[in-house]
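Presented sequentially are two complexes of chain A, the first with chain B as partner and the second with chain C.
So, the complex of A and B:
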């Protein structure tokens, strides 16, 4: 913890940041005074810190903040900067690498940020088993699989609320003309299909949605397919660089043809 | 009963993925998105955008076990009535072969 605490202390004392968003115990906490830093922890529980930071920047339009970033947080941060939800000049990311245990539990391919201040980089292993099993099924079987999964949905909006990439002011999922209100499960597959489409070019595979889902719907596998398709169709992978343009938001000269091999 | 319902929009770029999802949820057996030829968009790049969206949506449908052939985008000029008729007829035939959508009788249909 020491290198991280030292760095945060230094930033706070020099007045370079007004606060540091990290964890105290298992919960997110905004450290604003050096004396509080004894409580700074890197909890194995994860929260969408960049999403909280976006709100903080909105609340304090002049404020500059330090942010604890794991590999997944960094990818989220990059996407939020790209979508103008976070101003990059007002955030100082401090990188933490996840330990082997967490990396494996999350099935994370890249459990570390670009610059690591704390911890050792370990190699993760991404879980593709369910996706491969689904791809091996025939159409009808796959349809039955997803419908039985979506039937478990209690429309708690947990997947949306925890998602670091869900930042719209008004949410399509609450639009009753699109998703009829008052029914559980919500319209299948419309509810989850809308969310899946919205994840195109955004999802950074942090896996928080699946962790949050009380019904145990394999959401991450659904969005993994979204990520795979976006990569195949548009050669784009969210969360890698601030410069690279997102395929749906940016048209460039506009020309687009489905790659021949995918037709 | 007609087998083609026309929903008119100002530009194919106006066809939000939500419209496509809603149509399938309501029990449509197929969705045909017709737009202007590339380069002819009055609004600039609406038809480029819809091509990307449809490509993405087709993959999602496939992954959820709905035949992606049920969704098609065709670009043609407003004056090509015969082409529209041909495309619509072909598409209708193709959908007939595929049979009713698995979402028929689903919620909201």
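So, the complex of A and C:
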């Protein structure tokens, strides 16, 4: 913990940041005084810190913040910056690499941020098992699989609420014309497909949605499918660089051509 | 600047899911599911996810209201409770205890629910006591 604590202390004392968003014990917390840093921890229980930061930047329009970032947090942060939800000049990310255990539990391909201040980079392995199994099925069987999963949904909106990439002021999932109100499970498969489409070019595969789903729906696998389609069509993988243009940033200006192999 | 999360229990049904109340500048700004909690381990239903909303709501009732004609008027606790007591007494005497029923709530503690059934059975003398979860 020391290199991280030292760095946060320095940033706070020099007044470069007004607060550092990380974990105190297991809980998300904004450290504003160096004396508090004894409690700073890197909890294996992940919360959507970049999403919280976006909220804090809104609450404190002058505030500059430090932010604890794992690999997944950094990817989220990058997308939030690109979508103008976080001002990059008002955030100082401090990187933490996840250990093997967490990396495996998350099925994370890149369990570390670009710059690591704490921890050792370990190699991750993305979990594709379910997707591969689904792809081996014929279309009808696969459709039945997903419909039986969607039938479990209790429309808690947890997947949307916890998602660091869900930031719209008005949400299509609350649009009565699209998803009729007052029924559980919500309109199938519209509810889940609408959310999946909206994750195109955004989902950073952090897995928080699946962790939050009380119905145990393999949501991440659904969005992996979308991630793959976006990569195939546009060569775009969300969360890797602030500079790289996202598909929504240039679609419609005539520049895009469907790749030869997909025609 | 202030942002902290306070572990608490969802105020709605009797399950007792763990929530983290998000606090900034002394106000609730959101709620997160508590990971590792023995009841819900990081998951919530839609009520839990929105359980902070009533706290600072403009529409929240903060004072007793007494119905008069078509509308309501604000009253002191003393007046409101006095009215409840006298009307309960009156109805019990005139119509008998079984003309009264009580409805308790999952939002209350076990102890409060116990007290209400005790009041209903021992003070008023009716077994007409039920619970919002069976509405």
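The criterion applied here is as follows: the second predicted complex is superposed on the first by the 257 of 263 C-alpha atoms of A that agree within 3 Å, B and C clash if a C-alpha of one lies under 4 Å from a C-alpha of the other, contacts with A are read in each partner's own complex, and residues count from 1 in each chain.
Note that a residue touches a chain if its C-beta (ideal position, glycine included) is under 8 Å from a C-beta of that chain, and two chains touch if they have at least 3 such contacts.
Please read all numbers here as calculations on a predicted model, not as lab measurements.
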Side-by-side fit of chain B and chain C on chain A, or clash: fit
First (chain B), second (chain C), both or neither touched by A:250: neither
Which superposed partner A:180 touches (first chain B, second chain C, both, neither): first
Contacts of A:18 with chain B and chain C, given as first, second, both or neither: second
First, second, both or neither for A:157, with chain B first and chain C second: second
Touching partner for A:47 - first (chain B), second (chain C), both, neither: second
Chain A-centred angle between chain C and chain B, computed on Cα centres after superposition, in steps of 10 °: 100
Touching partner for A:211 - first (chain B), second (chain C), both, neither: second
First (chain B), second (chain C), both or neither touched by A:140: first
Per-pair minimum CA distance [chain C against chain B, superposed on A] in Å: 21
Contact footprint of chain C on chain A as seen in their complex: 18-19, 21, 24, 26-30, 32, 45-47, 52, 55-56, 59-60, 63, 154-158, 161-162, 211-214
Chain C to chain A touching residues, read off their complex: 1-5, 7, 20, 22, 24-25, 29-30, 32-33, 35-36, 40, 42-46, 48-49
Parts of chain B lying in touch with chain A, wherever the complex brings them together: 17-18, 21-22, 24-25, 38, 44-45, 48-49, 51-53, 55-57, 59-60, 62-67, 102-103, 106-108
Chain B partner contacts - residues on chain A that touch it in the complex: 134, 137, 139-146, 172, 178, 180, 183, 187-190, 193-194, 196-197, 200, 222, 225-226, 229-230, 232-234, 247-248, 251, 254-258, 262
